[in-house]
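What follows is chain A paired twice: with chain B in the first complex and chain C in the second.
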Partner chain A sequence: MGLLKGTINALADPRLYFIVAVLSLIVMVWKREKVASNAFGYSMMGLLTAFFVFGAFDPNFQLIIGKPDNVPIIGLIFSLLFLTWYAMREAVRNDRRIAAGKGPIEKEESDRVWVWPDLVYTELISLVVCSVILIVWSIVLKAPLEQPANRSVTPNPSKAPWYFLGLQEMLVYFDPWLAGVVLPGLIIVGLIAIPYIDKNPKGNGYYTFNERKAEIVIFLFGFVILWVSLIVLGTFLRGPNWNFFGPFEYWDVHKLEALVNVNLSEYIWVRALRTGLPGNWFLREIFGILFVIVYTFALPPILAKSAFKKYYEKLGPPRYYVTVFLFLMMMSLPAKMLLRWLFNLKYIVAIPEFFFNI
Partner chain B sequence: MADDTKPEGTQPASPAPATPVAAAHAPRPAAPRPPAVPLPDLAGKTTTAASLGGGAAKAAAAPAKAAAAATRDPDDMSPLLTRRAWMGLAWGAFTAASAAALAATGRFMFPNVLNEPPQQFKAGFPNEYGMGVDERWKEKFGVWIVRTPDDLVQRASGFYALLVTCTHLGCTPNYLSAEGKFKCPCHGSGFRTTGINFEGPAPRPLERARIVLADDGQLLVDKARKFQWELGQWADSEAFLRS
Partner chain C sequence: MAETKTIDPKETAATRLWNWLTETQVWKSVFRHDRPDSDRTRVLVMLSNVFLHLHPVRMRKSGVKLRYTWCMGGMSFFLFLSLTLTGLLLMFYYRPTLEYAYTDIVALREHVPLGIMREMHRWGAHAMVITVMLHMFRVFLTGSYKPPREFNWSVGVIMLVLTLLLSFTGYLLPWDQLAIWAITVGSNMARATPFLGHEGPGAALLRLGDVPLIHAYDDARFALLGGSFVGEGALLRFYVLHCVGLPLVIAVLMAVHFWRVRKDGGISGPL
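After this line comes the complex of A and B, so read on.
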């Protein structure tokens, strides 16, 4: 028992957590024929339920899942995993039909819509069930009210509403104006726009994976990994002083973590070149500025000639550059997170003189 | 109703209250409307009434209106306001109301009474403070007073006042005496007792406030005057009180 909890706590290290999340996305896409089976889906939901039942006996885990704030997240984990799996299953089934030359199942009866009683009954039942859940929820779980606001007391840990926990996690790695405004804006615009920038007319009105591989994978990464898994991470793994804690770990306010962060300028000037930091901010940050310029402006053409060559030829320059810009902006978040976790890198460009940090 | 009015289609915009009467009693192949039909006086009430009289009536009414606006002919169907004038009036009223609401909002930013502690306060005598971070003014004034044997910048022993606002997003950090650091609970920024940021996302050190000796020998802290490390202001004589 203790060993199992220890293993889960160790897996909850953010680096491992993030890598496991990305790997499971890759495996889900790669082995989708197997993932699409009912047996896999039911055993996945069963394992998840078993984990929560098992965890409910742990006093530290109880405190997290018992908090009224966190109940939606548990619902979210179940419903999101189920719906992602379900969409994948439908897509795989359609892909099989398309490969056999039969066309997607949704087109079989596209000339009619079953309304009475099929749709109306479903709607009525959903209405009743949702009302019951909301009423029971509002009676049983108390609103998490706290004492009157006091400027000098910030709750520890101080967590955003659950739907903003992904944003709060981003704020750990970036400057507020980047992590709060620019990057979320670009990521959301990218998630909305990338599927439509593509000229591919297929995949409209039915589940499919093979016909829209890149778009689906990019969207799943941006939504499930970057948005939802960061919400889960913020809920379950962030504790006092915004330190990481395993799900079965005691929230010790005095947990010490070596989090001394170093700017890129210090890495290069002090640790590599063994000189002091230049006094002039432009000279001091020249490497970081170059890095950002290369990432934003030089990387898209390089990718067009190498990794994304086929994509570039399919889309043409304007569509390609818009897509890749949005994609690179989205990828800058996990890239920066990994740099922080692996090298304690604080800011690539750090100009506190006029509050510009990347 | 719709069927009844069909023969009258030649007169598209008959005013609604008059139509049922006219439709019910008029002979089926509708003759031109006799002028004696009693119509409610809609003059000036709605702009659609203008179309009833037709262009000719309007043109005829215009000179009369110019001559004697006060004594309007009861049969005059022309509106008091043209469409353009009415729109101007409506937009003007809307703009005025919006401006007034905006002004009221702006006024709200400058309350008559401020229930805030003053920016400047006396913090007791220097010998009341031991070495290290003192939290007694954190709750009321939002300031930590730190006594140090050797300051980072000024290389002397004395006092400085740190503002309790994290430089990342403005939460209030906690002082962890065991670790000897300030730690922000929002995103994990950490500051040494000097105020220098060393962990988490905070991009610059905590700000220091003006601290001097008052005439009566007490410490005087003024939060209105701030000193930022990254601007080299900690070397200022009022950013640090030597003792």
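After this line comes the complex of A and C, so read on.
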């Protein structure tokens, strides 16, 4: 029992957690023919339920999942995993039908029905069901109310509302101007841009994977991994001082985590060239600045001629550059994560003189 | 138009009562058509009712299938309505001032027998954030944002952001430790807005001689909170935005969203 809990605690470490999440996504997409079976789906949901039931006996785990505001996130974990699997199953079914020349199931359902009664009654039924669920939930679980607001007592950890915890988790890797302002802004811009940069006319109005592979993989990575899984990480696995705590670990305020992160400029000037940091900030940060410029501006044209050549030709220059810019910005988070985990890299560009750290 | 089908009801007491009722002047003044049991009246019910007319008259079969839609959009709308109703009731009991905010919530909990309005409001709000997110997920996976629905997807993204902001502004109102520190953490981000936050990159460049134009008392965070910390000003601002400003905007966008679904030929598929 202790061993199992210890293993789960170790697996929940942010590095492993993220890598396991990415690997599961890759397996889910790669082995989708097998994943699409009902047996897989039900056993996945069964395992998840078993985990929560098993965890419910642990006092530390109880404390986290028992927080009233965390209950909806448990619902989110279940519904998102189920729906991701479900959509994949539908997609695989449709892909099989399309390969057999039959067209997607939705095509057979494209004949028209009367909105009254077919839709109106469905709406009425779901209204009743939702009301019942909401009322029962409200009777069973009281809304939390803590001590009155007190500006001189800071709770530890101080957490944003749960839907912003993915952004708060980003603060581990980026400064607030990126994690709290620029990247969220780009998420909104990027989401709005999706229909204008996606020129693929296929897959309009039915579940499919084979006809929209790249789109779906990128979206699943952005939504399921970068948005939701980081929310789950921030909610359940981040304790006092935003330190990492396994699901069965006691939230010890005094847990120490050595901060040994080093800036890129220090790596180059101090450790590689052994000259000490130059006084001029531009000279000091020149390598980081070059790195960022190459990543943002030189990489897209290079990729256009190499790895993304197919997309460059399909999308045309304007769409291609917008898409790749947004894609690179999205990938900047996992990139920074990897740099942090592999090299303890703190900032690529560190100009505290202007609050400009990347 | 297909051939008109009518279903003959059996003559029972209830039927006779029903027939009498639907012939009265009052009934006929409200519903200008017969019961929707024929093709003709099914069209009329959708066209003559202001609440139903955002629907089309007929739609693709897949659009009514739970298998396909997951009902997430409909649930988001239902939750919005229930939040409006419970929020209205909560406004009777709540005053957005430092003096009363917390005690009003305590009073609501202690003095209102069997009260679940705050619970319904809080859980409904959490649930709405989830359903809106999952609605977007479904719309993406079925490719429903593709032409001709690009614009409606954009409206939807804006409404997702508004949903988060509605929930965020409401989070402060109970004025407990959970509330002010969550909002403090969230709003501290605005301090780092490039150029517009006093700790953001570039803000130091905006100065006239020795006078900085962007400082802690006029930057983006100050505008958001109505102060340099989460206090009285922030409480009032968040209250007004939560109860009036944001709901008005999102209601207008909802009307646009639903109308566009209809005008773009249903929830998905080519026009």
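Structure notes:
Following the convention adopted for this analysis, the second predicted complex is superposed on the first by the 343 of 358 C-alpha atoms of A that agree within 3 Å, B and C clash if a C-alpha of one lies under 4 Å from a C-alpha of the other, contacts with A are read in each partner's own complex, and residues count from 1 in each chain.
By our rule, a contact is a pair of C-beta atoms (placed from the backbone, for glycine too) under 8 Å apart; a residue touches a chain by one contact, two chains touch by 3 or more.
What you are looking at is a predicted structure, and each value in this text was computed from that prediction instead of being measured.
In this superposed model built on chain A, chain B and chain C occupy separate space and fit side by side. In the overlay built on the shared chain, the residue A:212 is in contact with chain C alone; chain B does not reach it. In the overlay built on the shared chain, the residue A:338 is in contact with neither chain B nor chain C.
By the touch criterion defined above, A:158 lies against chain B and chain C together after alignment on the C-alpha atoms of chain A. In the overlay built on the shared chain, the residue A:261 is in contact with chain B alone; chain C does not reach it. By the touch criterion stated above, A:203 is placed in contact with chain C alone, chain B being left untouched. Judged by the touch definition given at the top, the superposed model places A:347 against chain B, while chain C stays out of reach.
In the overlay built on the shared chain, the residue A:168 is in contact with chain B and with chain C.
In the superposed model, A:150 makes contact with both chain B and chain C. Applying the stated contact rule after C-alpha superposition, one finds that A:195 touches chain C and leaves chain B untouched.
When chain A is checked against chain B and against chain C, the one touching more of its residues turns out to be C.
The gap separating chain B from chain C at its narrowest, counted between C-alpha atoms of the superposed chains, is 5 angstrom. Across the two superposed structures, the residue set of chain A contacted by chain B and also by chain C is 150-151, 153-155, 158, 168, 175-176, 355.
Residue ranges on chain B touching chain A, taken from their complex, read 138-140, 142, 164, 168-169, 171-174, 176, 178-179, 183-188, 190, 198-201, 203-204, 230-231. Per the touch definition, chain A reaches chain C in the complex via residues 69, 72, 75-76, 79-80, 83, 87, 90-91, 105-106, 109-120, 122-123, 126-127, 130-131, 134-135, 137-139, 141-151, 153-155, 158-164, 167-168, 175-177, 179-182, 188, 191-192, 194-196, 198, 200-208, 212, 216, 219, 223, 228, 354-356.
If you check the complex, the residues on chain C that touch chain A are 36, 39, 42, 45-46, 52, 55-68, 70-71, 74-75, 78-79, 82, 102, 105-106, 109, 116, 118-124, 126-127, 129-130, 133-134, 136-138, 140-147, 149-150, 153-154, 157-158, 160-161, 164, 167-168, 171, 174-182, 184-186, 188-194, 197, 199-205, 229-231, 268-270.
Residues of chain A that touch chain B in their complex: 150-158, 168, 171-176, 240-243, 253-254, 256, 259-261, 346-347, 350, 352-353, 355, 357.
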